[in-house]
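Look at the two complexes coming up: chain A is in both, with chain B in one and chain C in the other.
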Partner chain A sequence: MELKRTKSTEKGILKKEISRRDFIKTTAMGAAGLGIGSWLTVPFTYGAEPPIRIGMFNEYSVFATEYGYWMGKVAKTAVAKMNAEGGIAGRKIELFDYDTKCDPKWAASMFRKMVLEDKVDMVMGSIHSGVQKACFPLAEEYKVPLFSGGAMTYEFTGKDAIPYYIRNHSHARSQALAGWKWAFDNLGKKWTFLNADYAWGHSLAREFGTLIKAAGGKTQDIFAPPATADFIPYLQKVDPDTEVLFTAFLGTAALGVLRQTVEIGLHKRLQRYTVICCTEGIGQEVVGKESIGAYYIEYHPRHLDQVPKELHPYEMAYRKACGVDENGKEIGNPKVTIAGSHMYSMWIYPYQIKLAIEQTGWKNRNNNADMIRAIRSQKLKAGPWCPIGDLVMREQDHQGFSDFYISKVEPDLKLKVIERVPKEKVMYPPETDLTKKI
Partner chain B sequence: MSSWKEKPFGFTLIFGLVILGLVILPFFTELYYQTFLTELFVWILFAISFDLIFGYTGLLSFGQALFFGIGGYTITILTRKYGLGTEPGLLLCILIPMVFAWFVGYFSVKLTGIHFVIITIIFAIIANIIGDTWTSLTGGKDGLTFSPRPFRLGFFQINLMDIKGNYYFVLAVVALCYLILRRIVQSPLGKIFVSIRENEERARLIGYHVQRYKLIAFIIAGGLSGLAGGLYSLTLKYAGAGYLHWSVSGHAVVYTIVGGMGTLIGPVVGTGIILSLEHYLVNFLQATDLVVGIVLVVMVLLAPKGIVGLIQSRRKKGKASA
Partner chain C sequence: MISNISIALMNGIVWGLIMALIALGLNLIFGLLHVINMAHGALYMLGAVAAWYLIELTGSFWIALIIAPLFVGIVGIMIERGLIRTIEDKPIITIICTFGIMLVIQELVLMIFGGAPRRIDSPITQRFPIFELQYPAMRIMIAFISIILMSGLWIFLKKTKYGLWMRAVVQDREMAVGLGIPVTKVYMWTFAVGSALAAFSGVLAAPIVSVEFMMGREVLIMAFIIVIVGGMGNLAGSVVAAVLISLIQGVGSIFVSPSMAMVFSLAILIIVLLVRPQGLFGE
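Then we have the complex of A and B:
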């Protein structure tokens, strides 16, 4: 039976009649109570300036989710820690987090949403270079800094650089500069590149190949579809005199290529070399024993005992805060391995932003140019907010430089660092001068 | 009593009111909603162009992404590398995809059913691979960025770098395309498309060259999909190989099925509902695609003719019982 809304039924339900005066009095008291209650629970000073809003997007679905998981987790941890320590210039930091879906179109929409609807002051994240490129025009249009999570296209801080883009991590060119010389001297002078047939794979082959050939070495390029399952047809094309087989694939293909080199016995007559991006976020036990003896270029060691001694205190604190154990596994979930060579960028950016804001007196988005100018000239010393060691930003192209590591997979499947490459060795001449633009 | 569809004045009035509402809307909304609606208009154009080939002609094409992507690349490459203006650029966004549609359609329309679906997917996959690997032209996976030039028509000029200017420009183009498509589907040509959808054999026996008419529908839809791609690139100032991926065609399929195929208003409604839902849900959860998937399943089960189809059949039932 339908209940008709009448005065008498309201009275029946509420047991007494409500007069207009009662209503106004109760509402006013409730509002006052809520106001006082919320004021008491706010951790920041009443009357403080509005929060600093940081937008973030990462790959949480579709592909490269192991990166997205760690990038997001580290950023949230860093922001929570910073807020607990008083925020930035007394202002709370708010993080707005979205999935890129590995889709530049969607990510560009999210970038717009963050800037125009969520009113973020800056955006960080994503390892997807297409996502970053799609957001370049928007970052310039809205004058909102875009901090790269882990995009490896070197041109982003080279000929395609824009003033509102900042990158504190490695890319294809710096990886080549870090990794070629030691391997050329110690592993061999005749190289074959078996890489994924898309921009990243081509970029690595080109950057390493140029250096190898310039030093008098010999190179061969083989490209296979990124999702190749059977590498035997490609491995059969490897020149018989090859001394170093450099591979670059992501996901299951990265595991497959290492395993199949063992299946056909190639690992006995040549050295296998790759970048950690290929198996980042994947435990070496998943890659398998077939990876034993392979060499990796790491941008920050996965295992705590491989981190340089002087960085241990910072590294331990950083790992503890992010819930990571000494073997690079998530505490309480040992099946999850860190994306240790990438996720540090999201730990350091909030600190870089903090320093820049405090240095320039930044108030809001209108001061973003000042913030960019401050960040690009930063020279960070190793510390709790920079556990990877010293980080130098370069003014001309907004590119950051830090140390690299060359590691070998030991019989116990541990990535043992055998060479530390100082950042000075990976600094190449800048290809652009953004100081003239901003 | 006839429906508003059959009354030109009724349609003109409703269409005019909607356009008027959309014209004054930017004065009351924030910039973000203007950019959202601009994207919505682009996807509406893509969906109604797909509806011509699917809803009216009965051909489920997953190759529309190919024309969308080519349209996007056309305006981007011509502006970026050759300094071409927006006006000839947009014209070529229609013409070049039409040429590709003629080529793809020439082979595809000879096939029917699942074979047609597969061949259109294959063409889109080939285009996507070319887009991914021909880096010097397409920018590969990273794509290409550019700065759109103002749109000029005599003394009239629209700054496409301005959010509001871009909004009005895209609204005008999409509204015009809607009217053109409406004219097409109501013309004898449109009736032939429907007759092919309803009974291909009968259309052939009556004397229509079925393949030719399918090809015509395919080329028109290809040209409009290309224009949608061009407008999208103008809006984002970016084009990438991802535009060419066959799954982009899936957007149009979803919007059309949810809204109601074979009714131009259906894809408009479907696009509006799905995009609004996605952009609302993204504030609460990451897996928006999951919800869209559930909506699609529910719609297919409960209203196979889509929302507009459901409303139309209810009205027919009401009239019949009256």
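Then we have the complex of A and C:
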């Protein structure tokens, strides 16, 4: 066949006459190029199984945004890393991200949207107990697992537990079990709790208080509105013989209570003790020199050199992936501090889900019960996907247990670990048995 | 007990004066423009945030105390010129509009400043003893600055041409226009002064409460209570109501729980609304 060619320079490229052979050759090359290109860049090809859809909601506005920022960032990093490593059982993970607005009603509507419109297979995130509680009926109705981001109400894996709720992190009871004995022996036996006047503050006062009183100590409870600005009226009411002042507030109130304790000179006559939740995501330099000498219960150390040596390789890789430096600051933005004692939950959940799916052969939402049964019996060893050390899930209540740390604020404002509390010490008897329900 | 009462009294007056400053700005705007400014708490927060940036830049709290309110005053001018002026005769729309402005300011600050609270160091760290406790000298300084600012506002309203114009517009807008008073300019400056007062309070309160994008929310509610109790549009009433409510809360908290003392102030609001809806000191 004779090829009839014209000079494109003369007639323009669109006028060029193309033979059938040219057409087939060019098209085939293009198709091959596209195919190879997409094969090289995307590990998931056309015809593969549909992606695993994970819904996520966090506190990105209104309140506790320092938590939401890190929970979201860590989850996205974990999912991207897992996808880059081939996904779960060869399937890509898709993340659907929403804001809870700290509003249980709104968050429940987002949960429903994720399930019905985004067709997610499971939902994770949120540190807000009210948000999680509002989603319990939906999780049960749709049989969609809800993985707690950082809710601290212990009853969620206690008397209020539901089969579709999983929590791999600490809560008020485990914090009390981890933190009371050392402080009782070393800081004092007469405690005053000055806590936020809502479920979390009451829960901590109750859990710690029960243990202190049972050991022969004395307690006083003072509750203040969560957004209190001026603490002097409350600090005035602290009993003169108080040896330990335990405070639990979030945001500016957490800073305010620490600073104002020093302003009126109370810090000279008592020890200050709190949980890291109060100043998570807030640099100690922001809390200020007034925090020097205060004791914190941490669930994972903020500073790399305070992390147990055997965990360093995993911790360093985890921090590098999430863009965190050795002082717990965001790389490139040192004014942003990590929510290090909370955000690990969002790193570990994708791994727990992956293990469970690969173990059970999970295909879709219909197999969620199998996945839950697998997750709740997991005993994770420290590793790249579990940088906090060994994590033990308990079958009866779907609660996870890992080590705790008691830290003291040093004069250089560093949180120095002075006691590591093994997870075995915080494992209280389960209050429910979900194995009979699912 | 004596030390507790002394601290409660002192603290009640200090907080009362800070709150008075916020409520004054709110009341000034309402008195003249009849605008219920829902963004007032956000302007208070904006003042504190601007001060934080200025202190980062200059290292001086006192420079921030001057420049941050000026900045927020300019923001106030932009709000008045750009938005309020077009809807000033529609009270419901102005409430919705200022509520929207509040959300916009909060979200912008969240985007730029971040969600975590930040600290402003107190420029005065001395404390003086009151029996077995101590009281920070900075709070006393804040009270003095508040008194100076309120006195300045009083002089401005009573002794300057603009103050005279403002009072004239409050009394009779049409007559003021007829007499050649530039009413639109008066409105603009009133909104600017009201916004700047909110910012002053934000800067003064920041060393005590820390800076956060939501810090204006609680303050706004209390400011509204003070304005209603003191009388809407009555500036002196606002000052007295602010100090009175803070004192009741402070002294009350010695005898009952501080949360219950807060309930007292709400009870006062309800009683005033029922018995004297025009406020304790009239409109």
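Methods note: the second predicted complex is superposed on the first by the 394 of 438 C-alpha atoms of A that agree within 3 Å, B and C clash if a C-alpha of one lies under 4 Å from a C-alpha of the other, contacts with A are read in each partner's own complex, and residues count from 1 in each chain.
Basically, a contact is a pair of C-beta atoms (placed from the backbone, for glycine too) under 8 Å apart; a residue touches a chain by one contact, two chains touch by 3 or more.
Remember, it's a predicted structure, so these values are computed and weren't measured experimentally.
Participant: Looking at the superposed three-chain arrangement on chain A, would you call chain B and chain C a clash or a fit?
Facilitator: By the criteria stated at the top, chain C and chain B fit after superposition, with no clash.
Participant: What is the contact status of A:Gln236 with respect to chain B (first) and chain C (second): first, second, both, or neither?
Facilitator: second
Participant: Once the structures are superposed on A, label A:Lys335 by its partner contacts, choosing first (chain B), second (chain C), both or neither.
Facilitator: Second partner only, chain C.
Participant: Return first, second, both or neither, reflecting whether A:Asp197 touches chain B, chain C, both chains, or no partner chain.
Facilitator: both
Participant: Touch test for A:Gly256: chain B only (first), chain C only (second), both, or neither?
Facilitator: second
Participant: Just chain B (first), just chain C (second), both, or neither: which does A:Gly265 touch?
Facilitator: A:Gly265 contacts chain C only, not chain B.
Participant: Does chain B (first) or chain C (second) touch A:Asp103, or do both, or does neither?
Facilitator: first
Participant: In the superposed model, which partner reaches more residues of chain A, chain B or chain C?
Facilitator: Counting residues of chain A touched by each partner, the higher count goes to C.
Participant: Counting only touches as set out at the top, which of chain B and chain C does A:Phe63 meet: first, second, both, neither?
Facilitator: A:Phe63 contacts chain C only, not chain B.
Participant: What is the minimum C-alpha distance, in Å, between chain B and chain C after the two complexes are superposed on chain A?
Facilitator: The answer is 5 Å, the least C-alpha separation in the overlay.
Participant: Based on the A-chain superposition described above, do chain B and chain C contact any of the same residues on chain A, and if so which?
Facilitator: Shared contact residues on chain A: 61, 197.
Participant: What part of chain A is in contact with chain C in the complex they form?
Facilitator: 61-66, 68-69, 197, 222-225, 227, 229-230, 232-234, 236-237, 240, 251-252, 254-256, 259-260, 263-266, 281-283, 285-288, 335-337
Participant: Write out the stretch or stretches of chain B touching chain A in their complex.
Facilitator: Within the complex, chain B contacts chain A at residues 30-32, 35-36, 39, 132-133, 135, 139-147, 161, 232, 236-238, 240-243, 279, 282, 286-287, 289.
Participant: In the complex, go through chain C and note every residue touching chain A.
Facilitator: 4, 7-8, 11, 15, 107, 110, 114-119, 121, 127, 129, 132-136, 205, 208-215, 217-219, 249-250, 253-254, 257-259, 261-262
Participant: Residue numbers of chain A touching chain B in their complex, please.
Facilitator: Those residues of chain A that touch chain B are 60-61, 98-99, 101, 103-105, 108-110, 112-113, 116-117, 129-130, 133-134, 136-138, 141, 153, 197-200, 202.
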